[in-house]
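For clarity, chains are labelled A, B, C and D in written order, and residue numbers in each chain start from 1.
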Amino acid sequence: MTGFTSDEMMTIAAARALKNDDVCFVGIGAPSAACNVARLTHAPDITLIYESGTIGTAPDVLPLSIGDGELCETAVTTVSVPEMFRYWLQGGRISVGFLGAAQLDRFGNINTTVIGDYHRPKVRLPGGGGAPEIASSCGEIFITMKQSKRGLVDKIDFFTSFGHGEGGHARERLGLRTKGPTLLITDLAIWKPDPETKEFTVTALHPGVTREAVQETCGWPVRFAPGLVETPAPTALELDTLRALRARTAAAHGGQEVA
Amino acid sequence: MTGFTSDEMMTIAAARALKNDDVCFVGIGAPSAACNVARLTHAPDITLIYESGTIGTAPDVLPLSIGDGELCETAVTTVSVPEMFRYWLQGGRISVGFLGAAQLDRFGNINTTVIGDYHRPKVRLPGGGGAPEIASSCGEIFITMKQSKRGLVDKIDFFTSFGHGEGGHARERLGLRTKGPTLLITDLAIWKPDPETKEFTVTALHPGVTREAVQETCGWPVRFAPGLVETPAPTALELDTLRALRARTAAAHGGQEVA
Amino acid sequence: MATFMSLAEAVSGNLFDGDTAAFEGFTHLIPHAAAHEAIRQGRRDLTLVRMTPDIVYDQMIGMGLAKKLIFSYAGNPGVGLLRRLRDAVENDWPHPVEIEEHSHAAMANAYEAGAAGLPCAVFRGYKGASLAKVNPNIRSIICPFTGEELAAVPSIRPDVTFIHAQKANRRGDVLVEGIIGIQKEAVLAARRAVVTVEEVVEDFAGVHPNACVLPHWTVKAIAVVPGGAHPSYAHGYYARDNRSYLEWDAIAADREAFMAWMKQNVLDKDADVFAGRVAALRAAR
Amino acid sequence: MATFMSLAEAVSGNLFDGDTAAFEGFTHLIPHAAAHEAIRQGRRDLTLVRMTPDIVYDQMIGMGLAKKLIFSYAGNPGVGLLRRLRDAVENDWPHPVEIEEHSHAAMANAYEAGAAGLPCAVFRGYKGASLAKVNPNIRSIICPFTGEELAAVPSIRPDVTFIHAQKANRRGDVLVEGIIGIQKEAVLAARRAVVTVEEVVEDFAGVHPNACVLPHWTVKAIAVVPGGAHPSYAHGYYARDNRSYLEWDAIAADREAFMAWMKQNVLDKDADVFAGRVAALRAAR
């Protein structure tokens, strides 16, 4: 890996998954960067929605919170939070929900609530926010996170949001009519659920990444797809766009890093 | 009765019932005139709300519909119709609802739906519109209508909106926590519900009106309160205000009468 | 994705025999031009949804488009009854029309629930009201926390919703201002939405951030029809034609007068006539 | 009826020990000045309701005001965890805090139901989510038309809601613009509402007809506190103080550093300091 970082590769691979006609519910952090890189490269007409109520927003820099002023200033319209969750999310108008995770299991179930017991937690995490209903109401879910044994775990401590449950047809059994997690993009690889078992399976390794590196940073035995390919390296345009966005963001936020 | 019509007396008596700090849900026609006369005389700060979503409106002329443009132009704010019915009416923020009626019984139950059988009606009337929930959600209900045996009937054909049902504690039995009809203002008299039976009882006769005239235009045996008084005649200010409002309205609507 | 096209194309491509269709606009911005186009195209067996049917549905019912009507107040605002609707309900002319009647609160909540993707709306209503006895679609649920009985009605999910709005921008976003009524909900509750607009502007620069805007991806087709709400009005463009509402009472009172008026003013015309109809009303706004 | 008064009077007259209180503002317009006044007045045993507790509740919890917290996302936006809240939940410091945790969708619906005067909110949510197992206030109802199971949560009806807004007019009507969040619902759901504003204007002439305005009769008290949202922001007035959010992480990490910071910046100050805190941030907006 030369010329770009694994974090840049992750963000750019995530950006590529978005289409020009997607309506995307954006979480903060890595998803926000990926969505805006998509908008600034191959998907200029993508609709980005933040849960603060800003619909069709086009920020020049990445927001530090999901409710930064620029999101509103550049939005097509800004609605109330109840309307956002009722008409736009629950109403089924979002094609892609982009989520991060503190803990993730092989079936795309996410924990951002607690490490340990819920009532006497070892670590109290922020909780779900919009995630439980983003996971059930969006057409499909993309997940992005850096790999680590603490993050990709055999069993999550708490189901903050439901992915494919114990796998197979778990979603249908719950009455869910949306696809759930269809894509996991990490700093090392691209994963897609097996059509039958719904277990996340590596379908592409980022340039220079080995199978061993993926397994060493994952808490379950990794399956690799038969037709495993290499993720195309970032193009100059993609890298320039992401770096310029990050530079504008750093300047605007007074040198602050975006989490 | 000289110097004013019975219709003018009715409107002015209705206007007097409104207080400066009332928040009033206004029906069209006579209620609208009464509410605006109140606003232009003793209740300048009254909040008038029309079901089109216009809150705190102050029209210079009477609207022909509940959604005339001037209602919006002079309103403090204009909200959507679902918000109007959820936050403002059902939310319990309206102190007085003003209703008219095609048929009314002695307990303040109103029919504006059908004459005859619902499924094979003799006359199909407009229906309830906002009335069913205005009748249950407003703090109290004022009713205004001209007297006639066709209007004030022994039994209504259809309960479009519920007043005091069969009387007594019927509202409490239904779980209603609002007062329901507390005042009926006709072209001949002022009626209030008996504290026990909830039957409308005449408490004041308009100037020059006899008990016989009230009975002749009412379909049930009329009860008169012991302390029956005479409604004070319209003052010059009240009459001038109502007539000027009607003149401005006629001019603005191109000679059209307001129903 | 909104596509700009003629009103005739927008109607023929989105309204089909047997559809459940909503033409909404609460007194303001009533989509009369779209309704007239539906009449000209001779659509049949429609389930027509609208809180306040008024003239626009009186015409459609009288011309035989309606199989069923879902509504909450069937009057000519400020004038009186709807005579074509009455003739259908009382005398089955031109054919029987099934009715499903609600209160405004129920219809508003049902559109809201439709926009929110829910199967039903829950609200406090219909207490002691006879409609709950004659309409099997008025049911109840029990609050699992307080035990209170609340009313429930099915959400409204039209196959197609027609609205009239002030403006679209070049991308196809739609701006509705003033008395916004139930338009946003009616559009978002529908599978397809068709919007007629007064005009197309480059963008909505300077519009209030919380104005009612329907993004282009919520709308199927946009047709530019200046005056398309007449005799209703468009806030900022032209006033309500109160005289037409009054005159309608006499026209609709007689079947032959009605048919003659519809031939002359609807069947033999097209959407272009609406601009002329509001010309004299622009000064008043 | 809204009465203009000092923030100290507005808080002492409307917030009492044991109250259920909401301080709302979704990232934007967070009522920090009102929260600081509540801390100075030493209120206790509060049930604090807020979708996104963030710094404002981290401070109140750390200072011992909270008996219970009802929330849906407890993070320092863009920074990380809330260390005072964690210390209370994990270590009972300064005392145990009961938590009732929901999703954003549930909280938004619960405020909406509160504003709508309903006992509960009904929505499609919590499918497969563990919260439904640990929070007894997450229940379900069955749609009487389709049989679908929907989630139900109790509506939120605070004793008092505090919000910060851009403007009041002389009558006491309040204007909120930009990211309006949950403010209207939080005010209308409450028995009493207290609003801090950036400024008072003669009237809202020219404001968009569908802007978010809370009429004066929905508000109890208004206090003029320029900068009162700092380190949150006020659209059109000043930018978010992102640096303060980052710095909070270190301050809140240590109990003594926290107490010293609170003494210096809250207990020993009054509402007048907020104007100065945003002075340098006005240029950015």
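What to note about this one:
Here is the rule we use: a contact is a pair of C-beta atoms (placed from the backbone, for glycine too) under 8 Å apart; a residue touches a chain by one contact, two chains touch by 3 or more.
Remember, predicted model here, so these are calculated numbers, not experimental data.
Counting C-beta pairs in contact across B-D and across B-C shows that the higher total falls to B-C. Put simply, the C-alpha centre of chain C and that of chain D have 39 angstrom between them.
One inter-chain figure worth recording: chain B and chain C are separated by 28 Å, centre to centre, where each centre is the mean of the chain's CA atoms. Looking at chain D, one finds that residues 112, 116-118, 123-124, 148, 178, 180, 184-185, 209-212, 235 touch two or more other chains. Residue positions 72, 78-79, 86, 90, 137 of chain A are each in touch with at least two other chains. A complete list of chain pairs in contact reads A-C, A-D, B-C, B-D, C-D.
The touching residues of chain D, counted against chain C in their complex, run 116-120, 122-124, 137, 139-146, 148, 150, 152, 154, 177-178, 180, 207-212, 235.
Listing the residues of chain D that touch chain B in their complex gives 1, 112, 115-118, 173, 184-185, 188, 209-213, 215, 217-218. Against chain B, in their complex, chain C makes its touches with residues 26-28, 51-52, 71-75, 77-82, 85-86, 89-90, 101, 103-105, 108-109, 111-112, 123-131, 134, 148-149, 178-182, 184-185, 212, 233, 235, 239-240, 242-243, 245-246, 285. Taken in their complex, chain B has these residues touching chain D: 21, 23, 47, 55-56, 72-73, 75-79, 86-87, 90-93, 137. Per the touch definition, chain B reaches chain C in the complex via residues 28-29, 51-54, 63-69, 71-72, 78-82, 84-86, 89-90, 109, 113, 118-119, 121-133, 136-137, 158-162, 165, 170, 174-176, 253-254, 256, 258-259.
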